[in-house]
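Below you'll find the structure, written out as structure tokens, and then a few comments.
Naming follows writing order (A, B, C and D), and every chain is counted from residue 1.
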Amino acid sequence: MDSNTDYIWNNEKVKEECGVFGIFDNDGHDVARLTYYGLFSLQHRGQESCGIAVNNNMAFSYHKDMGLVNEVFKDKEIDELKGSIAVGHVRYSTTGSSERQNAQPLVSKYIKGTLAIAHNGNIVNTIEIKDELEKNGAIFQTSADSEVIAFLIAKERVKCGSVEESIKRAMAQIVGAYSLIVMSAKKLIGVRDPLGFRPLCIGKLDNSYILASESCALDSVGATFIRDVEPGEIVVIEKDGIRSIKDNCTGNSRMCIFEFIYFARPDSVIEGESVYETRKRAGKILAIENPADADIVIGVPDSGIDAAIGYAEESGIPYEIGFTKNRYIGRTFIQPEQNQRETGIKIKLNALKSSVNGKRVIMVDDSIVRGTTCGRIVKALKEAGATEVHVRISSPPFRWPCYFGTDIPSSNQLTAYNHSIEEIRQITGADSLGYLSTNGLKHILKNENFGYCDACFSGIYPVNTGKC
Amino acid sequence: MDSNTDYIWNNEKVKEECGVFGIFDNDGHDVARLTYYGLFSLQHRGQESCGIAVNNNMAFSYHKDMGLVNEVFKDKEIDELKGSIAVGHVRYSTTGSSERQNAQPLVSKYIKGTLAIAHNGNIVNTIEIKDELEKNGAIFQTSADSEVIAFLIAKERVKCGSVEESIKRAMAQIVGAYSLIVMSAKKLIGVRDPLGFRPLCIGKLDNSYILASESCALDSVGATFIRDVEPGEIVVIEKDGIRSIKDNCTGNSRMCIFEFIYFARPDSVIEGESVYETRKRAGKILAIENPADADIVIGVPDSGIDAAIGYAEESGIPYEIGFTKNRYIGRTFIQPEQNQRETGIKIKLNALKSSVNGKRVIMVDDSIVRGTTCGRIVKALKEAGATEVHVRISSPPFRWPCYFGTDIPSSNQLTAYNHSIEEIRQITGADSLGYLSTNGLKHILKNENFGYCDACFSGIYPVNTGKC
Amino acid sequence: MDSNTDYIWNNEKVKEECGVFGIFDNDGHDVARLTYYGLFSLQHRGQESCGIAVNNNMAFSYHKDMGLVNEVFKDKEIDELKGSIAVGHVRYSTTGSSERQNAQPLVSKYIKGTLAIAHNGNIVNTIEIKDELEKNGAIFQTSADSEVIAFLIAKERVKCGSVEESIKRAMAQIVGAYSLIVMSAKKLIGVRDPLGFRPLCIGKLDNSYILASESCALDSVGATFIRDVEPGEIVVIEKDGIRSIKDNCTGNSRMCIFEFIYFARPDSVIEGESVYETRKRAGKILAIENPADADIVIGVPDSGIDAAIGYAEESGIPYEIGFTKNRYIGRTFIQPEQNQRETGIKIKLNALKSSVNGKRVIMVDDSIVRGTTCGRIVKALKEAGATEVHVRISSPPFRWPCYFGTDIPSSNQLTAYNHSIEEIRQITGADSLGYLSTNGLKHILKNENFGYCDACFSGIYPVNTGKC
Amino acid sequence: MDSNTDYIWNNEKVKEECGVFGIFDNDGHDVARLTYYGLFSLQHRGQESCGIAVNNNMAFSYHKDMGLVNEVFKDKEIDELKGSIAVGHVRYSTTGSSERQNAQPLVSKYIKGTLAIAHNGNIVNTIEIKDELEKNGAIFQTSADSEVIAFLIAKERVKCGSVEESIKRAMAQIVGAYSLIVMSAKKLIGVRDPLGFRPLCIGKLDNSYILASESCALDSVGATFIRDVEPGEIVVIEKDGIRSIKDNCTGNSRMCIFEFIYFARPDSVIEGESVYETRKRAGKILAIENPADADIVIGVPDSGIDAAIGYAEESGIPYEIGFTKNRYIGRTFIQPEQNQRETGIKIKLNALKSSVNGKRVIMVDDSIVRGTTCGRIVKALKEAGATEVHVRISSPPFRWPCYFGTDIPSSNQLTAYNHSIEEIRQITGADSLGYLSTNGLKHILKNENFGYCDACFSGIYPVNTGKC
């Protein structure tokens, strides 16, 4: 279904929190099937829509739709996508309003043939670029950044000699966060923005090259991790092999720290850092910064578990399972009504009474956004018999919106923007509340010189977002 | 599903045999629901995909998908399409390869806001226009003419003061057949190409204006027929009322004669001619030109019935029902295999033995394309006991392909291109075979001065199609 | 979906207006596929649900669901139904409340193996039989007669030596209308009730035998008509051939006359009578009984067409096409609201202005049930310019409900039960109104001695229905 | 879809591993919605099909289908199921052959009205009972035990004065494992077989009573746990309150020990035992019985986690996260082909390199069935850098099939039936392998006198299964 019953273009544009995967085959692999598995392992980066485009001797075909990877693709769809190059995409939606035409990859014909583009990130000067393009007669059928990028590449391609050169020139006009995979007639091209907000890595499977948002996608297809694409780098994969254009590299990195804290999968390694290790380390520092006198440490599934293990290890307080999580909640689940929620319907998480009853509990989670969920969990623990609940958060308080492709709501919805820590403690009903300090945050990565973006905590944006 | 597993852009482009409907409301009508009924009455013009776009105070929303009108739209979809202007489209596919992204209306953002375009026809210089646009950086996401038209309008809009002026300028660059409905922020605009290949008419419902491919769509919503849009005319409907731009009018008409013979619905009136009457008249002339000594006249359902009644009336030979047609064949019907078909499986049509047994039968149909179906029907009649079968065709032999939006196959698939009438008679097994003469064709319309396109019969194309 | 959200068993039971088809293969035919085509040609007898059961060396499998034959069965379903005996069913629902568990064939295991039963008709003493069976511990999972029949057969099977003997004994306990096809481990058995209310005929395809509700189903698979099953006859088809049990034959027939007037397909031959011919003959008698001074004769599609042709032939008044019927209305069509209907929305039928304008019209239909549809059509004809509309009905007035498997509403909903003919004329707005007389009805069949049931016209029920 | 394309009744019958939930409302709750949440929390007990039946003043309605709770039920389905008593069911399928007609609850009409039955367990003398019932004329439309139970109740009901009395009498004829919820015109009845193989508990929500397979379902709707139904007990809930029939109680319990080890949810409390605690305790005993010299303890998600925490706690070796599990695998996931699996495709589990690299690992799981999965996981750990992998299993070796409703394959598929522990160690590639001893098993429950069934480990069946 190609449905768009929400207003179009009234709202600025969709958030682009996504995962990308591409393969240039030299071994006779089934590229669509490998992309399917790659996207599946990146599903945590986007559950709203997905798509795969393939290039079969310069003839492009694609399939994309709303839904999870295993809903959108069945054997039939995969079997029909024959080719030797593929690019895939999973997309996250920030609201119920799912604008279907924004599903990616975007496949479009331009002066030199066909391009398929998969994009992760958020361009902050989209409107300015669109205005300029429209003045030259451009029309837009979607509100996705990828269409803007396609137009920029097409516009530059008229004036220069190759796709990669067009991409390089287009990058000069784009401000913001983007990791791209571009499939052209004969090439697969990986791109990261000059500050490297979003991850993108290179892998190898036999003689074939792979690009992916996270290294867990390489593992999922049995490929070997080669290296991360550098901030500002353009990686061109073609029949002859792989090469780099580094004209836009600045040596500066502003990798999103939130990828480590929450967004990436624990088994991924990004910029040489094991995501799992950074989370455990955050838990350990949290234990040092915010100790508590308690009997057990528990984590809120799934995002708080890793830090909880770190906290327990550092503090010497035993780690325990605090909750049973129902794994079967699908997209069409009927949510309990407000009054049911308050009178004790426990659908998704159920506190494990035998663990927490009569205990002083340290409850670790990765972040507090609005505070209501946290409060509900604290209440459930107390009802299950916890005598004290000490909430520990493995990142600093969220105070600022993100303009670089992560779906963090605007400040007035962020509890920490409106309230002091003591107020939040009262709101959530916790006996004590402690956050990781911004100083502590600096030490969750092994490489302490690594440049990252922590604008959501600090309010300091590495580029002009045009929002203030 | 947004699926395209066929090669994209390798093939020239899709055929655009379609129906369009638009309404500018001044009375508080439910525009989406009226468009639903309008499209439903135009379903015979296209069964592959359909769509409706609405404009609600300049906010556009739409829903489109593969399938029949009553499959794509349920109460939910209609209810969500609120607005005061609407445009809808039904589309026909010539092959199983249904390119989903080509569903219409095409909704796109351009320099002055948003446009929705519904198109019926076929532009013959698409490739030349696309090449030119791509040289200026344009990208194309579909292979539909409507996207080309949208780009031309957007390009001209930069240089001039209104949508209608942009359309007028765009028309100067387009060669071919097109009836368009364009919905902009504040206007609903109807357009016919300068030769008026495809029909488009204007209706009124209370104080609201309607545009539709055929007058039967006006009847279906209870509207009154006002007049046809003239060849080359641009009709602009806005809050203040309705007005015309006739700069591109030539006074010349090349309306497709096949609309009367087969394509339009019998209850439509086009260019002042009742479609039903033209068919009956074709049958009468056929009876004069090709008499036969027989007991009964029958028509092949549904397209041969009207001419059969005319033939019977003129010849004085009784009209009879010759076949029972199964009305339940849907898109997913499992076709009988070749050998089953030959051994007598009669799924769609069953000859009515009690009518034809022992009779000399005149069997009237509107045309013969490949000849195989006709032969199968003649055989079925003989098996049902017909002693003679005299085939009479209410149009001249098909010999030439159509480049103006009607799906007639290329010449080498047309029996009449490859064979004499006597050979076709032998192929079909008919006892005699007679076609309407091209001279007879001239008289099927009341207005004998009316200029029409009969290129499929004559090979004389009114514009340079670039194909020869 | 197996959904039943209506109350169960509160209402008496479902009406069983249906079509049945069965094949015992001796030639290696694909029995499921042939049954698919057979059911498809019987689709007019039931559009709510359908099913096919096959017997593969005594292993039974089946597929059934709500929907049309071409919706429920795709290649996959047909391919999985391998076997050498098959039985199929199409079912009609009288209301929106579609009780899914009632889909047929009913497949059940009993003392001697498995039985599949397809049933057309209506048993009038169901409740009495169920009460008796329940007293012996029976449970019922559906409200369909076929389950009652299965229980009776199972009960008798304990006491006697064969399925056919059990069926014979079961028939002694059943009052009402039923044509059955029963598939057992090694046999295909056809049964008609002793009065033969519903049709059932025998055909042959190569060396294989077929049973079907109507002969058009034999045509559809290329089979030859052998004969009708006699009222009260049990036809047993097995490896050795075909044989009959006629113990329950009475020599008496009460075939439903409505099968000829409306229900059966015109190309079927039932009891030696061409359905089409009976309809034409009804039209001729109607013309004699109810002449009118008029310019043209038209039929209401589709059921009034055949009689209209007879009326025209007899009266010498020219037959014309009066309406264009939209063929695309599917089950999910959004009905116009009441006020739209009255203000002129013409969705299903559109009067053909060029035929009727300025004419005195004789409009023939097969029956009037509630009168509202007829009135709406008369109004449409007048709006299209008809100067007079003379309604002629090719059957006597409907006054009594049917308890034998035809969905005719209860008397208080029947216009003719509540009103005189003159009153109905006024209600419908016709200039004159004439029905076929009950005397005329006697002559619509060639065989004037044929015994039929006309209870819906006469109120004389051939068996005690327990309703009065 | 009501599809059964597998052979029917050729195979013995379906396994009945399931969850049940019922509510008798006295407060005006939305019983269907509460049942929805209850079933959702029991989803781990069965993912193949589900259903809900409601009783609205003695009018029954239901909805059931193949699929997960959140797939089968949307708002519409729930909204249509109005009533004051409800019963629901989730069902597990052992194979791809999903026999749809076996979905529960089974709703059937019998001599005293209507019954809805939801069943968890497996009756071992089904065939004998069916044979006997068929001799009295019974027919069976499904292969589910619930239909046999319904027949027995109906048969007894003819002879006695109440449903509960009929149930009591039926129990005397049934051998095997069953926890039942029966909904009649005015009652909700809970039943456990005399040995109490399967769990069933009673809860209260305001003034309404609930029956559920596990206490986690009570938590999910905010109800309070009252007590377990006793082995052999019949609990009758009606307007007047709740009462018990204990004539079939033996004081003997043979609760399935596997419910504690694997099947039940960790947050459930069964027979006074916290499931989570029993699993942790199993891990602790395992650590004592089978120590290993290692650096970390990890659990195989999700079933091995709880025991791993116990093992770590007892041994003092740090607990670590060993794997990332992909949570998005749905029913339609395309499985990797055999060769892909062997060449390293890691879809469901990915070993967490940063945890295990360079470490000696103790890997805890709840059981080994065929051995292939375990071997694959060991291999993955070694590839991720584990220097040693010591496999520890928190239950004794599986050697015998289960006839009481748990899907354990036949012995010849059980690795432990065919191989010594040392052989299994070699097959899985583990450096050492240790199982919980049967003596250790005795101590995983707090109540060491509790009688349980461990036939799958011991081969000692508490009732005659008729299989040997």
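Here is the rule we use: contacts are C-beta pairs under 8 Å (C-beta built on N, C-alpha and C of every residue); 3 or more make two chains touch, one makes a residue touch a chain.
Note that the structure is a prediction, hence the values are computed from the model and not measured.
With centres defined by CA atoms alone, the chain at the far end from subunit D is B. Subunit B and subunit C have Cα centroids lying 36 Å from one another. Measuring from the averaged C-alpha position of subunit B to that of subunit D gives a distance of 60 Å. The mean-CA centres of subunit C and subunit D are about 48 angstrom from one another, to the nearest whole unit.
Among the residues of subunit D, none is found touching two or more other chains.
Arrangement of the chains shown, judged by which pairs touch: one closed cycle in which each chain has exactly two touching partners.
Working note: touching chain pairs come out as A-B, A-D, B-C, C-D. For subunit D in complex with subunit C, the residues that touch the partner chain are 1-10, 51, 56, 59-65, 77, 80-81, 100, 103, 106-111, 114-115, 130, 133-141, 147, 150-151, 154-155, 157-158.
Taken together, the subunit C residues at the contact with subunit B in this complex read 33, 36-37, 40-41, 43-44, 47, 68-71, 73-75, 78, 216, 219-222, 265-267, 269, 274, 276-277, 302, 305-306, 309, 313, 318-321, 323-324, 326-330, 332-334, 336, 340, 343-347, 350-355.
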